[in-house]
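Going in written order, the chains are labelled A, B, C and D, and every chain counts its residues from 1.
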């Protein structure tokens, strides 16, 4: 940790900083420049102290040196983490596609979609039973009934189920059905929820928050990891910027960034990331070329009747075409499209 | 609602849109321009339908006309809402200052701060018992013990207590102590939590999300209002932008915007909004000059020992000075600094 | 154009809007809803009028329907534009790589780099003689001397030269050397400069501004096109967001967006887009998978001695490896890596 | 300057960094932590070197310690700069209001506005003769004719004239008429233009770029100052964020930030900053309460006929009312509304 003193800081102020650092067990180096004095402190462990020091009189700024996450970082865990989901493995040689409707709307809609996406090449099924919606007047999901339909769809197709959870009180119920618990972008810093899923033994799909830095995203993963659950799959789904043509700005550079900083697998959701049907296939290709471990794609048998996210949902035919369009990119990336054995 | 057709949309596609609109009970107007055909639909009620229509073939975009919130909007509720908090009223002639530490750290720290801020002119006490922290390694709050100290501080000073709630399961426990339930910016779209506080009869302080538009913020308020709780106080606390000199960018234009669009009171938190002690007073003055109904200020007896937010916390002396500095602005705004009778 | 009236707008205010529209030659449709009256106007030509109408009393908002650009849009020019650069064609079946140093620093540096990138597969040479730098204390480029070296490098390697121009007064001088005139992101809305390059017959590489929407970017292209120069190549190079891990956020969704809205070719600069060497190759692959017509890559024989942009510059060896890594993606996209005949 | 080495950096890499620093005349301190080695370098002068070092093998990041601007910073120039404009002084005890139309549209429009704003309390006249417009189809200004009208308006009213300049080639012509040369936000990093106005002896009003950090803004001022012109007035006018309700997000925290970091005066433009008429007065009040040295306000005799920026332009009556509304805030800030003597 580096402490930069203000130009006019007194030597009493400097001494107070040094005394404080030494009291906390830091080894201290003092460098007096012409314009600024800087104090290097070896031994820092957490951000908390950085913040505390910044409040001391005469301190201009404190620059943390170490990454604030430990379990999620590559520094102490250099090999890639592989997350098993049933017979599948996320983060390995195979690339997996999670597909399905934004929301579970009915038994028929879900089963029809599940069979179609499995047929086309998806290896996991998505579908929301509990839906976070900006407006209280929008469709909020079928809740328990939706979970039931998801369980049936898995039964019929063999596809593991990914579904969102929004309330810590529902973790047990949802975990009984879901193969992967999804934390949506609005809840990326819902710490009570992160801790609750961290106490399960289910894989967690952690979407990046709309305005979360990569560091905050990895710290959110750290919340899950510190509870003892190491099966976290990260999912880039677009960040909020000034651009309004797309629903969000899909930050594909997050893929190599996360691969560099962390050992956790990372997938990409080009449906939410763009909000526009015609962009889903090119951005799916781009995501895989950038090194993503998988995709999450919204598919609806009849997007114009969808109760949510119609404009970005593909029909089963469009989804089947997308799978064909990404195959050469997967091959060009020396990877393989995952498939179910059973 | 306006539906803009793509340049090459066929007349079948047009007819399908019109048929769909009429099926849903809309009155339809068709305007054929040289380059685009547009369809006006009278009778829209929700965003949901806008989204659904955008998924129809041949549709370029759908432009909603009405605001998506009803209860939070001024259209149907032109008079200002006044929120009573004990003997105080938020949103009326008087301006109120909520002050206190970021986190409750100990009985002594809280009582000392509470007495000092009351003495200086604050009329409500803030203090977090449950703290949302980006890192799992940061101080997470004293939890139940913190609530206890808050209750005692109210007892001693008479200041109503504002404290944050992060988990729907804790609403009952926190509501037993808090006079105002605070929803933090990270939880602005934690819908389970919004619904839970909406079912209490306690005033709710709803902070704007880091990347929430004003419309989304008012829709979050709508979640609380639709549950039957009409006592919502909005709080602007800075949004996330590219600027890194300040912790956030305090969006004071949100104050006149919210006053224009909504009848709910709005206060400003210049401590989180700037993250820098020396900016708190000028931005507090600016907030009141812009028309804010109150302020929320972090005060700590010893900021350099604070377990969170030290760099932006004022000492009791600095806070007392701030109150003196804002008095002329309050007078210049034809308002009055609130005070406790008892 | 759609004019939405305020809830309380009087019928005089409505009549004034209608009268104004009719005076300007618009055909008007009036739709009275329960909560809002909306006025549709057929015949709008420019944004100017939208803005003027928004200032009329009783008007809540004006929604433009048509795209504000004409020459740059696909509506009236459905086929792709191909931009010839010497014997090369940008925007066709072949994908081209522009490579070279950020700044021309010396004759040796430039020649060495030019020969190396040509050898590795680049078909155009980049290099700045005039450098826009945030700080006046940073290296500002070799100016006329730099142009001279660029001319020599072209002579030696046969690579067409792309170089930035910052001052309308220098257009003639730079155009004598450059094969492609580059407008940097800071100058995307330097309208005097756009008009000046629009009056030449040289291809223009127009970088997207740091905070430019896609619409504003296409309007900037429109400035060049309306002056009579139709040879515009767009270049996505990252936008400014809250994320600080990368220098900018490379918005690859701009590639399919621009392809959809415009007929102009679009290339991607992953060096500026990320600011980090290790991200250049994965983002180059992703750009091509998304459909980009080419790449612009910074290469320096000795990045740690570079006078600008060292951290994102590849060595010639790293660049040669990148070309190998993108080849399979180009093939997987049914395109071909361009090459010089001569 | 602090150099943080990667966890696996070799001691050869460390030595190379140290050798390089010593070669450049830096005094070096080495601190070996358990997880990272950091190198402190005393004597840094420019950002250039920071960037160069970041490109050395084994370097994780480089943290500059000193502010990159010198002339614009308070470190070496602690007293406030006062900028004289005719008989007025910007940055002193008096607060000044610059008012007038966005664009000069006609002799009558300008004279009428100029007389009205002078009458109401403005002390300087704004008006664009050369207009930067996003679309080439929008009104581009009256050019030389506009300058003529501005000169006449000054003659008649005695108000000094502020007008924008967009092309270095026009500096001489515009400087013959203007009392203050305005650099618009789109040109904040048009370095050729900054240097050109830096070579005049006219005060320069430097608007903050739409996506410029405060540091970049002060570096843009540095470009002017290094050319020998020390009369720079900064103007905050809103930054680009995700919020779409306002045209821009007016960043009032920039006022205390700039006052802290720099000695230059800073004014605020709430018209462009919000884009909405009803917000201009509250944000003008807020700006002054935050410590701004003046305001820039758009006024048009007939906003609904304005050729640009109608929705945010006040009528002369509204402007007169605004001046009344800000008076108590000015008094509450212990300042005085400026006035012309003559």
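In this section, a contact is a pair of C-beta atoms (placed from the backbone, for glycine too) under 8 Å apart; a residue touches a chain by one contact, two chains touch by 3 or more.
As the structure is a computational prediction, the values presented were derived from the model and not from experiment.
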{"item": "For subunit B and subunit C, chains touching each", "value": "A, D"}
{"item": "Chain pair with the higher count of C-beta pairs in contact (B-D, A-D)", "value": "B-D"}
{"item": "Far-end chain from subunit C, centres as C-alpha averages", "value": "B"}
{"item": "Centroid spacing, where centroids are CA-atom means, of subunit B and subunit D in whole angstrom", "value": "31"}
{"item": "Whole-Å gap between the CA centroids of subunit A and subunit B", "value": "26"}
{"item": "Computed distance of Cα centres, subunit D from subunit A, in Å", "value": "39"}
{"item": "Multi-partner residues of subunit C (each touching 2 or more other chains)", "value": "211, 240-242, 244"}
{"item": "Contact set on subunit B toward subunit C in their complex", "value": "2, 4, 7, 27, 29, 31-36, 38, 40, 42-43, 63, 65-66, 75, 240-242, 244"}
{"item": "Contacting residues of subunit D [partner subunit B, same complex]", "value": "211, 213-215, 239, 241-246, 249-253, 255-257, 260, 273-274, 278-279, 282-283, 285-291, 328-329, 331-333"}
{"item": "Touching residues on subunit A, where the partner in the complex is subunit B", "value": "20, 45-48, 51-57, 68-69, 132-139, 166-169, 186-187, 189-192, 210-211, 216, 219, 222-223, 226, 240, 277, 303-311, 313"}
